[in-house]
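Listed next: structures, encoded as structure tokens.
Two complexes come next, and they have one chain in common, chain A, joined by chain B in the first and chain C in the second.
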Partner chain A sequence: MMTAPTPPSVAWLLHLNALVGGMFLLTSFGLVAIRQVQGCVRLYVLQSVLLAASALLLGALLQTWHLYAVGVLDVVSKAVLIPLLLRRSLHDEIHMRREITQVFNIPTALLLALALAITAFFLSGPMLAEAPHDPAAGVNLPIGLAGLFLGGLTAVARREAVPLLLGLLSMESAAFFAGMALAPELPLMAEVSVAFDVLVLVFVVGVLTRAVHERTGTTAVGAMTTLREGPSV
Partner chain B sequence: MNLLVIPAIPLLAALLSAVAPGRRGAPAVTLAGAAATLALAVWAAARVAAEGPLISIAGWVEIDGLSALVLLVVAFVAAMAALFSWGYLAAHDYAPRRVRRYGLHFNLFVFALVLVPVLAEPALVWMAVEFTAVFSVLLVGFDDTPEALEAAWKYIALMFMGAAIALLGIFVLFWAQAAAGGGHYSWAALREIAPQLPPGLVVAAFLFILVGFGTKAGLVPMHTWLPDAHSQAPSPVCALLSGVKTVTVLYTILRLVPLLPAEDLGGWMQAIGLVSVGTAAFLLLQVRDYKRLFAYSTVEHMGIIVVAVGFGTQLGAYGAMLQIVSHAVTKSLCFFAAGSALLLVGTREIASVRGLLRTSPLVGTSLLFGALAIGGAPPMAVFLSEFAIIRAGLARGAYLTTALLVGFIAVAFAGILLHVNRMVFGAPPAAETTAPPHALPFTCALTLVLGAIPVLVLGVYQPVPLHALMTQAAAALAPVVVP
Partner chain C sequence: MGRTLLFNLLQVAVVLVFAPLAAGVLARLKEMVQSKRGPSVFQPYRDLRKLFHKDEVVSDQTSWIFRFAPYLVFVTPLLVTLLIPVLTDYPLFFAFMGDMLGGGFILALGGFFATLAAVDTGNPFGPVGASRTRMVGFLAEPVFMIVFFTVSFVAGSTIPYIVQQTWVTPLANFFAPSHVLLLLAFLMLILAEGGRIPVDNPTGHFELAMIDESKTLEYSGRGMALMKWGGHMKLFVLMCIYLNVLVAPWGLAHERTLAAVLIAIPLILFKILCFLLVLVVIESSLAKLRLFRITEFLGAAFVGAVVAMISRLFAF
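Take a look at the complex of A and B:
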């Protein structure tokens, strides 16, 4: 809701940003539910492109070059380099695994996701009321928070290594999606550190997953439960 | 001297260890690097103790009492762990390639740990904290067993989940600062404008960072990865993980404490801390693996620190600082003793170890000494710090919290001693006496002796500069304007 009259271009940018935000949330839902590993990777790429799109729109809206740079860095690191790294290090995992055994069945997971998304919208209300009125934050904060929760759900619900990793990566994207609108001057430096961090993470997870595969013959890392207390074993 | 030299040394050591020749090259480089880091950290801490905060690049690279204290304990434990690593790697007789890999990751991990207190800009600190996770995960899985890899996977998944949540907290904190008038984003600047920050946003940022980094620090209920990772990693790495990595992450949470609206959160922090202390104390009773025993004790100690800070008084904050130091020196000694025992008997199972005092008097004594010290027996360092915290609780009038705290500490003490007594006393099983898997290397024995010195000394005597440093660190937890 705008209080002051806004120039048409600003209103357009806000509408477009809201559209991008809605699609971003949909990709988060998709990561919870889609069975094919390759489909998950494609969905993550789409999500990264949407994140970059929101960065460019907010950059135009808030007149800050920081966010343009964030958008470019984001596409390079998350939409190009990460899928490349994943395909190189975990080629078989992506192309040969279709069905995934999940912790919850898909309707249950989606219902949980819906509940989490609604919770996120309610939680962001009081935070938005505290700060000076900002229409961009009004879209990006609830969607980012919802994406954070849904990414967490994905990481918990998935057992295969690659979708689990993508859930974690989407949590980080979602935190960024919210952060761009809240702190437009911060993200460039944050993005540089995050981009570096996620690349190292994907590399490390690739090494680890191959080692797990070599040792145990499976990449269902979520099903590994030998370490626990009690008198068993 | 620029403070960035301090993290630069382990970074250089990491690069050199990656190319160092032979089986001795990487451990030698690591040891030299860690010794140099310790010398510089002591120098920096001494200057802070004498003259107040050191600023290299204003708003980006600076240390005050709190960060100098963390830097000091990190550097001390890193040097001890490097010394222990020498013997540990020699005893396992790894191939040179594997030794170089260990050296590379170990030094990168130390680099990240040292970087956290040196940086003053929250977004960069977030990056450094995240580095501590990604650089240590391959060390957790270093043994390459299915269990170690499982622990490494759980570790990295929860670390990254926590990082994403904390990242949102970092953004919200910046948002709060912008709403209060902006300025450069740094710990010191935030503390100065703390009264103007919108309280709702600060609390929201604090909660995101508490949940996110609390996962990394091992606070209950996000602690599930900790006993796995801290038991499966090579013993010198366990000392770093348990002794200082948890403390380093907790330090970033403590940075937000002076920004909080004072009256609200003390009670909550006491409750969160008590849940960790209590859960860990009872889980301690039923462990079967002696490295997991000490890992749970770490969860307990993190909880104690949070409770102490939750008291919200200068006395409580001072107790928390004392606990950070005593935990770091004592817990690392415990893991060195546990690691030595593991080298000697080749099993992590408590039930399979008997009569360690006869198998090796030094290791048996160290393990018993470490267990007594970490449980809080007088006159060791942890006793002093826990006593200070209990006194702070009574002075604050928080009788229920203090009573529960004392009860849980007693349960944990009993749990630790119960298990360790079984391992240390009695007659060793026949098989182990005839053929120990490894002899105890000299540097490991040296680490046990050197590591015991601060545990004992800090219980009865505090050097004046250290006292000054801890007083400054405790003051850094208080808001600038006293309400």
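Take a look at the complex of A and C:
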């Protein structure tokens, strides 16, 4: 792979893609560690924009229009529609509850996240060695894998409904971030259906959260660990 | 040989003379953001002059450390200046006397004695501030180590003059993720070490909330002037390292003539002005963190630095 000298524009695109990847990983860490619900939503929007940027860069690098379409679709669905939907269904909750409670304290969560990220980088080494791949996969696979783990950690560690949901959504983004470089010729239909799936997911969880809020007066779902006997409220 | 020695001493003079100016400009800019006029940018010079002319009062309960510390705080940034590129992009006379780790140790020595001096006095606020400074210090230490490790790993050297070249040759290296993440981590480190706003409020007058300032509470006259001047120079040196070694290694003198070196002086001042503008934006838009949230702030810096390292180590 390193035999042919790469033209300067390709090197630039690869570097920019690596930079976008680094920022993507940082936003994943931010989703684990940031305290404000509103901040989490903003970070998720930023992450989606970075995902789209990587799609566009890879599109330019690999010369496929698929990835351009993926980028545009990504911005429309994740950076615009999902925050809009969240804000409409959970308007008060996002603005009222400022601090999120966590299962671990934040430094512990960050250290766990770091360990997960390093594991992801270790794991992707043998994976990349198995199959022939284009150079961008060297960035996208480990970072996407790390994002997947960190999204899972977010979904486990948070005790608040909206950040939990954002953890799940960022797992999906991360899977896509890795997938783009491995299978750039994925049929566009797959991405379209995933985008709509995610929208439906947000809608369902939004309605569910609202119902929880009406029943218990809070969306701190981490508190709901015991069953309650007797007639419901 | 004699010429590089001269340029090296010129660097020291630049830091010595312009460090209070940078502090004055920063204070003025902050006041302007708050819709106030603010003191003149030359106010720090006037303060220093006034303090040097005042009598010094030293408690007879203190030991030699208290009298010794201001000189050390004053001298250590100047020693570091001998090692780092301030004006030129080629190594000067003392450049190989110590590497970046050595510079870090020298700066830490000044901080260590300032802490000891604060504990030395009977003032109850001194030890409080001193222990808080140590807390911030040992949280910042791992970040510094990782940043240092990554920088020297990428550049293959620990001498700052050599490190600065690797980020821009070729220019695409500038956008490598490890570089950009290191910039973020080091910026957070400067905010913590310089006692700037998300970590500490340098203009606060409330002793219970102080971290850095409470160490100078007992000083007066000449000792206070040296402590203040040393503090200005420490920030100036940190900014020089950040700007010249990590962010923008442009605008440094390349020819070995006096004229080229003199032209480099306004250029470095311009770069520092740009950095001060960023600092003003940060300081004006963030609130001071509660003491036990500093762990999270520096934890984030640590994560940034480690991500920079692994994105470099595992470059497939």
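Throughout what follows, the second predicted complex is superposed on the first by the 221 of 233 C-alpha atoms of A that agree within 3 Å, B and C clash if a C-alpha of one lies under 4 Å from a C-alpha of the other, contacts with A are read in each partner's own complex, and residues count from 1 in each chain.
The criterion applied here is as follows: a residue touches a chain if its C-beta (ideal position, glycine included) is under 8 Å from a C-beta of that chain, and two chains touch if they have at least 3 such contacts.
For clarity, every value in this text was computed on a predicted model and none was experimentally measured.
Trainee: What does the overlay on chain A give for chain B and chain C, a clash or a fit?
Mentor: Here chain B and chain C can both sit on chain A without a clash.
Trainee: Given the touch rule stated above, what does A:Met224 touch, chain B (first), chain C (second), both, or neither?
Mentor: Only chain B; A:Met224 stays clear of chain C.
Trainee: Is A:Ile118 in contact with chain B, with chain C, with both, or with neither (first, second, both, neither)?
Mentor: second
Trainee: Which of the two partners, first being chain B and second being chain C, lies in contact with A:Ala178: first, second, both, or neither?
Mentor: Once the two structures are laid over each other on A, A:Ala178 reaches chain B alone.
Trainee: Answer with first, second, both or neither: which of chain B and chain C does A:Val207 touch in the superposed model?
Mentor: The answer is first: A:Val207 touches chain B but not chain C.
Trainee: Give me the angle at the C-alpha centre of chain A between the C-alpha centres of chain B and chain C, rounded to the nearest 10 degrees.
Mentor: So the C-alpha centres give an angle of 150 degrees.
Trainee: In the superposed arrangement, which partner chain does A:Leu58 touch: chain B (first), chain C (second), both, or neither?
Mentor: Neither partner.
Trainee: By residue count, is chain A touched more by chain B or by chain C?
Mentor: B
Trainee: Under the stated touch criterion, which partner chain does A:Gly138 make contact with: chain B (first), chain C (second), both, or neither?
Mentor: After superposition on chain A, A:Gly138 lies in contact with chain C alone.
Trainee: Which partner chains sit in contact with A:Ala11 here, chain B, chain C, both or neither? Use first/second/both/neither.
Mentor: Second partner only, chain C.
Trainee: Taking the superposed arrangement, what is the smallest distance in Å from a C-alpha atom of chain B to one of chain C?
Mentor: It comes out at 17 Å between the closest C-alpha atoms.
Trainee: Hey, what residues of chain A end up touching chain B and chain C alike?
Mentor: Common interface on chain A, chain B vs chain C: 137.
Trainee: Okay, in this complex, where on chain A does chain B touch?
Mentor: 126-127, 129-132, 137, 144-145, 148, 151-152, 155, 161, 164, 168, 171-172, 174-176, 178-179, 182-183, 185-186, 189-190, 193-194, 196-197, 200-201, 204-205, 207-208, 211-212, 215-216, 221, 224-227, 229-231
Trainee: Can you tell me which positions in chain A touch chain C when the two form their complex?
Mentor: Residue positions touching the partner: 8, 11-12, 15-16, 18-19, 21-23, 25-26, 29, 33, 106-107, 110-111, 113-114, 117-118, 121-122, 124-125, 128, 137-139, 141-143.
Trainee: Name, in rising order, each residue of chain C that touches chain A in their complex.
Mentor: Interface residues on the chain C side: 170, 172-173, 175-178, 180-181, 184, 295-296, 299-300, 302-304, 306-308, 310-311, 313-316.
Trainee: Please name which positions on chain B make contact with chain A in the complex.
Mentor: Chain B residues touching chain A: 121, 123-124, 126-127, 130-131, 134, 137-138, 141, 144-147, 149-154, 156-157, 160-161, 163-165, 167-168, 170-172, 174-176, 178-179, 185, 198-201, 204, 227-228, 231-232, 283, 286-288, 292.
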